[in-house]
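You will see two complexes here that share chain A, one where it goes with chain B and one where it goes with chain C.
This part shows the complex of A and B:
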């Protein structure tokens, strides 16, 4: 890999691997979503699975729930991360410790955070016990349901916990490469602190903020184990619904599961295009290959 | 001075929030019968740890499986991702935008979109229920991180030193070992940390491809959590997060600057 090989040779293993696994898997799902499964005697492709999925109230409420979880988690995380990045940019006692905690959070798997959050905010969790001790409630059932609830509050809290550090680290890296000169210039020209942030700093952070938000949205929309652990049993988050239809003993539901997976993939694809637009500079980097 | 005090206060709140969900897990792991409405456990016990560390629980075996899968995935991702990152970082070529899109896609498209089809393919290849199958499946979300981090590294890499070494008679492997590798090593470590962590926390792909036969720690943690063994769940959670913390401590020095901007796309 040190020679002057054409870039395509360097890329070949990665492209073969992703083509063979990722694209092949998507392709098979797509074929099955058209109800083409010779094993089950289905040899005439049609759109019946899509028709059945798109008219099912269960699917639509699951789709709405997953979009709600993703949107709420992303907006709250992005706003808090912006504040956190601005805070960590300043010097104050304890900043190094917080910097360490932010990085540490990145290594904690989602499912660990989810269980911890469950023990914190469930109706018999730590906060409910505090409320009981303070005399606010007399029984666990009186504590507001923040887990297994219709609005997926616990799920959203977990994503906020996990993604604020993620977006913050990306923003801090961006801030580092932008430097403080532009804001200092704005200040010297008479801009207030808020004006310098709003009109100079924020626009420069925008691409990084939006790109990381797209990643967070995609993850919160597509995660399986978190809503399974913390979410309500009805409606279920879309990935949970899709996987449970796939593993249903009734094999006839498999095309419907595949159709749901395709719809999830299309939403993911839209997010991918947003992300790619925002991170385009890499495509233009480098010298021309011979 | 007032601004500084406010910042410290905000920082303190942030620090609390960051460690808060981990506290009940740590406390539960050494608590005995910590029932509602007790704020603090009345009795302490190491039973959960003793059980988690005993062969009967299968937790240590699971730790071994998880480590093996993550390490194998990371090594494979490096072997494939370093050359790919070099191509993306150093060269412009026709179709580069499309190649980038394909290489980033698996990190953004939800695992469930891939899991169904992959399960169908691996079933036919006899790879379901095997560790190699799970490693191959993990490569899908892992490879983008390794490739993107390495692309960013190679974008700032000067190939002149390689040319000089070559003109002085170094063989390709010598050039790589003595010139290229030392230059890209910090970035490679960052990429490896991300790759390891993405594989380490993978749930659905392990569940679907492993089919219950490859029991990694997230699966074990999940089943203890849903069976109501809070104390054992706490101990398993502690065992599960420890290697990630160690890996972070070992690579923390390199985890700043531009690598992160491209590479930190790890919501997994």
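This part shows the complex of A and C:
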């Protein structure tokens, strides 16, 4: 090999995969959402599928539920992960063991975690059985409903359990590269511990925290399996609604399913734009300062 | 290196007995079809939620097909046949007319209607199967799949009839008809629920209430009738709304799937579960999921029964091999094998009186599982399925009136 290949050539495999599989599928979904499916005799594209989705009674509550699940999971996970990362940065006996335990569930698939969570916190789960043995409740129905509940507590619990280690991992890597020097300097100049954290450490962690939070939000907003397993039958999370529409026995509802998928994608895209807005000035600021 | 690759490719092509041309097969004799089927692979997409059924298909049927016909059976588990309808539909859209991924589907009802609606099924070949002679096509419950004429587009495999299950140690004397069940629900708050339609089993429970509200199924048979639907539906939603506060979780939520209801029953959170296939109760007791005192029963005003089938998609490249599989499924020996409670406990789709004497003796010798109500007992009060348009209207109505 002589010389350096053009970056585009090096990026080609990744671009092919993205363009060929992801964008093509997105394009097909878009076409279907405009009610263009010749195999079903739909040949005049229109926006009827979007109209019918946006005006259907359950759509708005499903959208709100999905936003609530994603927002609550992200905020709680990010806060807990920040605390965990700051604690794990310090040296104390057993730190390695705790660090290992915190990150162990990164390898557990979401669905397996959900089943485990059901065994623990459902009304006939482990905690309910403990409460029964302790004489606190007489019947499963008296245990607080933490799964299949209208506020999706079980779903959020599962996401928090699963995503805290993920954000922690990113933050720990960030902290390692940042090092302790900046904070030490601030402390030597008279900053309190809190001030050093608030004004020195946190701003430097912000890009990593925002990036990992954006990933968690997008995932929690678009994932289907956990709300199906642990969510209430109504309102249903948006991805569940889209899947049920996609698997409706009436083939004529396929365009509506596609329209819902496109709406989910648009919201995800909007989130990415917000994220880019939030981080870009910061990166520039960092460069200016450097 | 290249030579080995070429050799491998050649081997794989010769191993593929391409029998995508269904019309050519229809013109053959059965022996020719069996000859064509040799070396074929059948990708059978079927509901994969029961270990016993999976074992029966993969191990038992797979071994026979390999040994006697040199056919490789590849069972592909799915959660719902509608996923397979989507695969075949997408293939048709993409112009794949003779190399589809699916060779055989376990299917019935609404999904069969979808396959017919999209012209996705291979039809008109069933007379070719020797064991088709065992099927009583004069029985309307066999010749119509949820009211849609079969028209030689699928082959019956099992018959099922809906039944309720309860733990006799908890509920000694369960309600035996729909009116009594509705009263029982109100007298025992929090101890009953049903999966939210469009779950397959939840949907059929709602249809039982619908029949009850309409004063029987007879008036509802035939094509969809808006006036009749509105009248029965209004009463149905009134009944379901009336019992809602007495359901599990005060009816604020419903299980999303039948698996979830089974779990609630197994954990003692509710007192009843139900299934279209009562043999599932026996299997759950054997697996230790349900208590041994589990018993099942039908309603005196009847429970809904139907037939399930296997279907070959229009674009299957292994139609001959898939036909051999279907013929094997229809044989008296295999209908008997899967009827054994320790294997599966599924009721036959053939007319047993047309099968060989030893098969008939085998059926007579079957001792049912104590938790499974016998098919004969259930058949004393059987209700038909409605046409698919009724089903979708009821499901949509439930979502709008109850599920929100």
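Observations
By definition in this document, the second predicted complex is superposed on the first by the 268 of 290 C-alpha atoms of A that agree within 3 Å, B and C clash if a C-alpha of one lies under 4 Å from a C-alpha of the other, contacts with A are read in each partner's own complex, and residues count from 1 in each chain.
The rule is short, and it goes like this: a contact is a pair of C-beta atoms (placed from the backbone, for glycine too) under 8 Å apart; a residue touches a chain by one contact, two chains touch by 3 or more.
Note that the coordinates shown come from a computational prediction; the quantities given were computed from them, not determined experimentally.
Once the two complexes are laid over each other on the shared chain, residue contacts for A:124 go to chain B and to chain C alike. In the superposition on chain A, A:208 contacts chain B only, with no contact to chain C. Shared-chain residue A:149: touches chain C; no touch with chain B.
The wider contact with chain A, measured as residues touched, comes from B rather than the other of chain B and chain C.
In the superposed model, A:140 lies in contact with both chain B and chain C.
Legend: residue contacts after superposition of the two complexes on their common chain; A:255 is shown touching neither chain B nor chain C.
Once the two complexes are overlaid on the shared chain, A:162 sits against chain B while remaining clear of chain C. Looking at the shared chain after the overlay, A:246 reaches both chain B and chain C.
By the touch criterion defined above, A:223 reaches chain B but does not reach chain C.
In the superposition on chain A, A:113 makes contact with chain B only, while chain C stays out of contact range. When the two complexes are superposed on chain A, the residues of chain A that touch both chain B and chain C are 118, 124, 140, 229, 246.
By the touch criterion stated above, chain A contacts chain C in their complex at residues 37-40, 57-58, 118, 122-124, 139-141, 145, 148-150, 228-229, 231-235, 244, 246-251. Of all the residues in chain A, the ones that touch chain B in their complex are 1-3, 7-8, 10-11, 13-15, 17-19, 21-30, 32, 84, 87, 90, 92-95, 97-98, 100-113, 115-120, 124-126, 128-130, 132-133, 140, 158, 161-163, 165-166, 169-170, 172-174, 176-177, 208, 212, 214-216, 218-225, 229, 239, 242-243, 246, 257-258, 261-262, 264-265, 268-269, 271-272, 275-276, 279-280, 282-289.
Chain C meets chain A in the complex at residues 80, 82-83, 85-86, 89, 92-93, 109-111, 113-114, 117-118, 190, 196, 198, 248-249, 252-257, 260, 263-264, 267-269, 388, 391-392, 399-400, 403-404.
Remark: chain B residues 4, 7-8, 10-12, 14-15, 17-25, 28, 36-39, 79-84, 86-93, 96-97, 99-121, 136-137, 139-140, 143, 147-148, 151-152, 155, 162, 166, 172, 175-176, 179-180, 197, 200-201, 203-204, 208, 218, 221-222, 225-226, 230, 233, 237, 240-241, 244-245, 247-248, 252, 255-258, 260-262, 264-268 touch chain A in the complex.
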